[in-house]
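Letters are used for the chains, namely A, B, C, D, E and F, taken in the order the chains are written, and counting of residues starts over at 1 for each.
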């Protein structure tokens, strides 16, 4: 996997979705999970899932934060390098995590947090240096609207099914999930597509129109072969 | 529980929500789960939960219907008298069950099906005589938009948290969940509130205005005591 | 006004919206306020407005039902023949009124209840014989999601501004508000448009195509004049 | 096509979506287009498309009804037996057609009207006996929110792409579009699936559980073969 | 109040929502009201409310800006230091205020503007140096979609009830309302919670896991007491 | 037109919507089309329209990018200086264009891209220096959710009707469309309104309250005349 992960760091999420589409998978991009701070590095890691259901007032209380099934306990179970993916059912009025939990995740070397919900304590979260993809920020705590029910189960996130072990890649275009068994193939095909698009960019820069170039006709394929040969 | 269930059959869901509100529980009514056929009997039963996540095209296929974790297998695990409550994430473009699955649930003496999603094969579902609360009808099968992932887990349904063993009551005003440990108390308080409301109805019919009557002042309380005494 | 009200009982809400559009008013139909029981008589009356804001848990309680600013007190202020129009902010998870309040409104000869929210105790509300236009039904009481704050103020309802004294007309196509100062004009023009549409229907029945008929060219205008003369 | 149309009249829209899903087409059911009057016959016909864009106040006026590109002119272009499919962009606050236009469509032997918008003059539309699938009813005319721009173009309807000549089938589960070149294949496969489901229903009625039956294992396949042979 | 206000300037809105939740108030954060320019100082002030209803074309016109009940008149009634809170019903297609009104509010020493709607003339509003919390920006004026109806009434804003005199606190996590009678208690408890969270941060920084720390067990409580004593 | 375009570059979109409102046009601002990079120059140009409908899996494929009706072909048809306006039906889960297409549009001297959808390859799009107004960013390609069907047809964009040849103006408050026949009038009236607002700003800066100033009474009109005379 290490080689595939290294390759995926050079492949945009846009390209990954196109590669997956060619394999029949259209639902892989998590709607709403956008970078809290744009312009950062691309994140790549195995999905560690977290699941919330709606609040029930007798269960979702500040006291519940100390129970065995709690976000705190889940964080202690996260392996270094994973990407925590939280199913917040798209709720935007209760932050799933605040600065303290995010700091702890960073301490545990979690690679990133991805959610279709929101976070809270925005200033503190940004200071913690954990890359976050989410819908935004809200002041209320998760218990205001959500009950945490478990980790490493199949979840929904932003209209996608996420299974523990899926590989997540996230950049400025959002976050995508790659089914485990397709990761190496997607990495390789993605790298080749990035190479072709670099060629296309150089062609567009010298004024070539897109019809015939992208997708390529035979002439463009030949020019690409030459370009690739020269580039080594 | 049998006695509580019998009492709950005489208590409206409207009254149950008011009794729960007085105990601090505001999130108990499942938005979107309305009777497919209005005017039927009130349904009461223990919640048997079903959970869906979004479709992933490589997993949610007609072939998946034969897998061990399937809606078919879940139905065979349902005890007689339970109310199946399905978390469809509010999706209205893929029917979670069609006529054949609904017929099988009826055969297994399931008391009702409640979901924040929709069903399909409406005509056939109505013929199967299983009471259904849902958002409506769609032609596509669940695999068109959903992946079934398990049963008897905590779920979300219509903005509520539902835990296996919660007691569900459903009538023409929709479906509510009562936390297991509150069922007997809610049944008893609900029955008393229904009695008071019968008295209020008789008062309104003879022209009494509501201020002072509902909620009652001392005079109304006295009249109610007399009414109750006479009624036996 | 009595004559105008009598005329409006014969004019569809569809026609009223067209007449108002010709006067530059496009926002007059209240989105979401549909008949609880379709097929009833057209309701016409002066708007008596009710206003809700969201719940605040320390204020919106069953106890608040006994306070001076309460839905109960508002009902006692409603004049016979008015149409109560309630701004529920489109909230569909808390019924603004249940059977008892609706019964009291019927006793006070209120002509109808119109809201962009929902009602509760559907069975009881239907038995009370007060015509209701709403988004549907929910079990929870208003205090579950709403705080009542006053009556006979300008309100929003279904995307329209409603001012006390506006005239409301409601039928199977929904509910519209006519600004007070336009009522007589709208009634007269509406009646004439209904007459022309009766003529058009008779023409369509005998196979006349619509271009040239609706809107009319000179030939159609002449046929209409003859039809009207014959009809007396 | 006549034979395929006759077969499709015996195949539910639910079954058609499953057949199309097996061919890789998931987007074929038009969200929001539900029967105005449930329980009617299944409608089958070629799509005749209509397209609306939002209102612009200087163009969408009652006067525009007389222009060459108008809904009236489009109706005169509809062939007998077609199903008119209107892209109303899901707008629910302006009825695309009222009773008079619907009557004219019925006169011209249009098979049905399908839209992701709403109609107006509900009572009159129901009297006209043209089967209608829509989101409901609104009093305002199309010009209140929409501008009609043309017919027999590719359109969007309820989240689907509809091309002129697609075949539309509509019943109580809603309306689906079948790409022209797949119609005969879908009809044949749909009829076979309906036959298998009839067998399944008979099995469920005698108490057979679904695992192994639907989808079938070898034993079920054998029983089905016998059942089919006996049935002739 | 001055002391409480000074304390609240040091308490995050995230913390305030947690303190209020412990008092049973879950609805205090105004959905959609986010900082136009993030990273500014926390705003604290008494709520001065403004209320809009939908446009009615005969009333909401540029001419209406000169009427006695107008946004202009409301601004002249705002006391220095207040926070103007505007109920725009969440409408995002008409800016409630543009640069000129915002400049005048700044001149009158209004502390901030908070709304669930949007503003217009974004560049000019930013130049005016009035801190603004809103859903974003739109070019059209309020009269394009809204009618202003009054000030210092109870209003809805972002799913919360806001009463004149509530205290509003706003920072990068959004805006919250504190009921008047709870302000001093919330300020004091909030300050203590901020202190505890500072301790937690220092613990997390040195690698302490969260279970047992947040919420604290007895050992953590003892470490906190020592930390607090040392800190003075 | 050149003179009008030059004037419009000095008129804010906020002002243009007010001028259009006075002419009876309320629907001119495209909801959702906001600057990808705020703070840039105002864009002015004739609308070149692009139209998408939803995806149909057999048609919207990477292969379709090479067909005669394709986004590539549309780009080659765009005249220098036009503003491309794309009807993406508000879909936010599939980017209509990525960096390569945007680079080609910049090469062809297109003035701007405006859409109610989203773009992809955000980093690359920003590098291409084509000003873009959109709802944001998504990784998936257009074919994941959309089918391109044509150009220079009437379209919907952000709740507005856009006709080829309308003039589009876009700045930090979003994008507006001016009907072709009103462009010169709107430019002239807009410029005069900007001038009056400059005067108002200077008045507000010296502490003049708004009532009587904006809109102006006779005294303010006189002061404005003097201000204008002095300014030359």
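The criterion applied here is as follows: a contact is a pair of C-beta atoms (placed from the backbone, for glycine too) under 8 Å apart; a residue touches a chain by one contact, two chains touch by 3 or more.
All values derive from a computational prediction rather than experimental measurement.
A.B. asks: Could you name all chains that are in contact with subunit C and with subunit E at the same time?
C.D. replies: Both subunit C and subunit E are touched by no common chain, going by the contact rule given at the top.
A.B. asks: What is the set of chains touching both subunit B and subunit F?
C.D. replies: The common neighbours are A, D.
A.B. asks: How far is the middle of subunit B from the middle of subunit E, if each middle is the mean of its Cα atoms, in Å?
C.D. replies: Averaging C-alpha atoms per chain gives centres 38 Å apart.
A.B. asks: Provide the C-alpha centroid distance between subunit A and subunit F, rounded to the nearest whole angstrom.
C.D. replies: From the centre of subunit A to the centre of subunit F is 32 Å.
A.B. asks: Which subunit B residues reach two or more other chains?
C.D. replies: Counting only residues that touch two or more other chains, subunit B contributes 24, 26, 28, 55, 159.
A.B. asks: Can you work out from the touch definition every pair of chains that touches here?
C.D. replies: A-B, A-E, A-F, B-C, B-D, C-D, C-E, D-F, E-F
A.B. asks: Which stretch or stretches of subunit B touch subunit C in the complex?
C.D. replies: For subunit B paired with subunit C, touching residues are 12-14, 16-18, 21-22, 26, 28-29, 31, 34, 38, 159, 172-174, 176, 197, 200-201, 204-205, 207, 209-211, 214-215, 217.
A.B. asks: Write out the stretch or stretches of subunit B touching subunit D in their complex.
C.D. replies: 55, 61-63, 65-66, 70, 72-73, 75-76, 92-93, 95, 98-101, 103-104, 107, 120-123, 136-141, 143-145
A.B. asks: Would you mind writing out the residues of subunit D in touch with subunit F in their complex?
C.D. replies: The touching residues are 23-28, 53-60, 89, 147, 149-150, 153-156, 159-162, 179.
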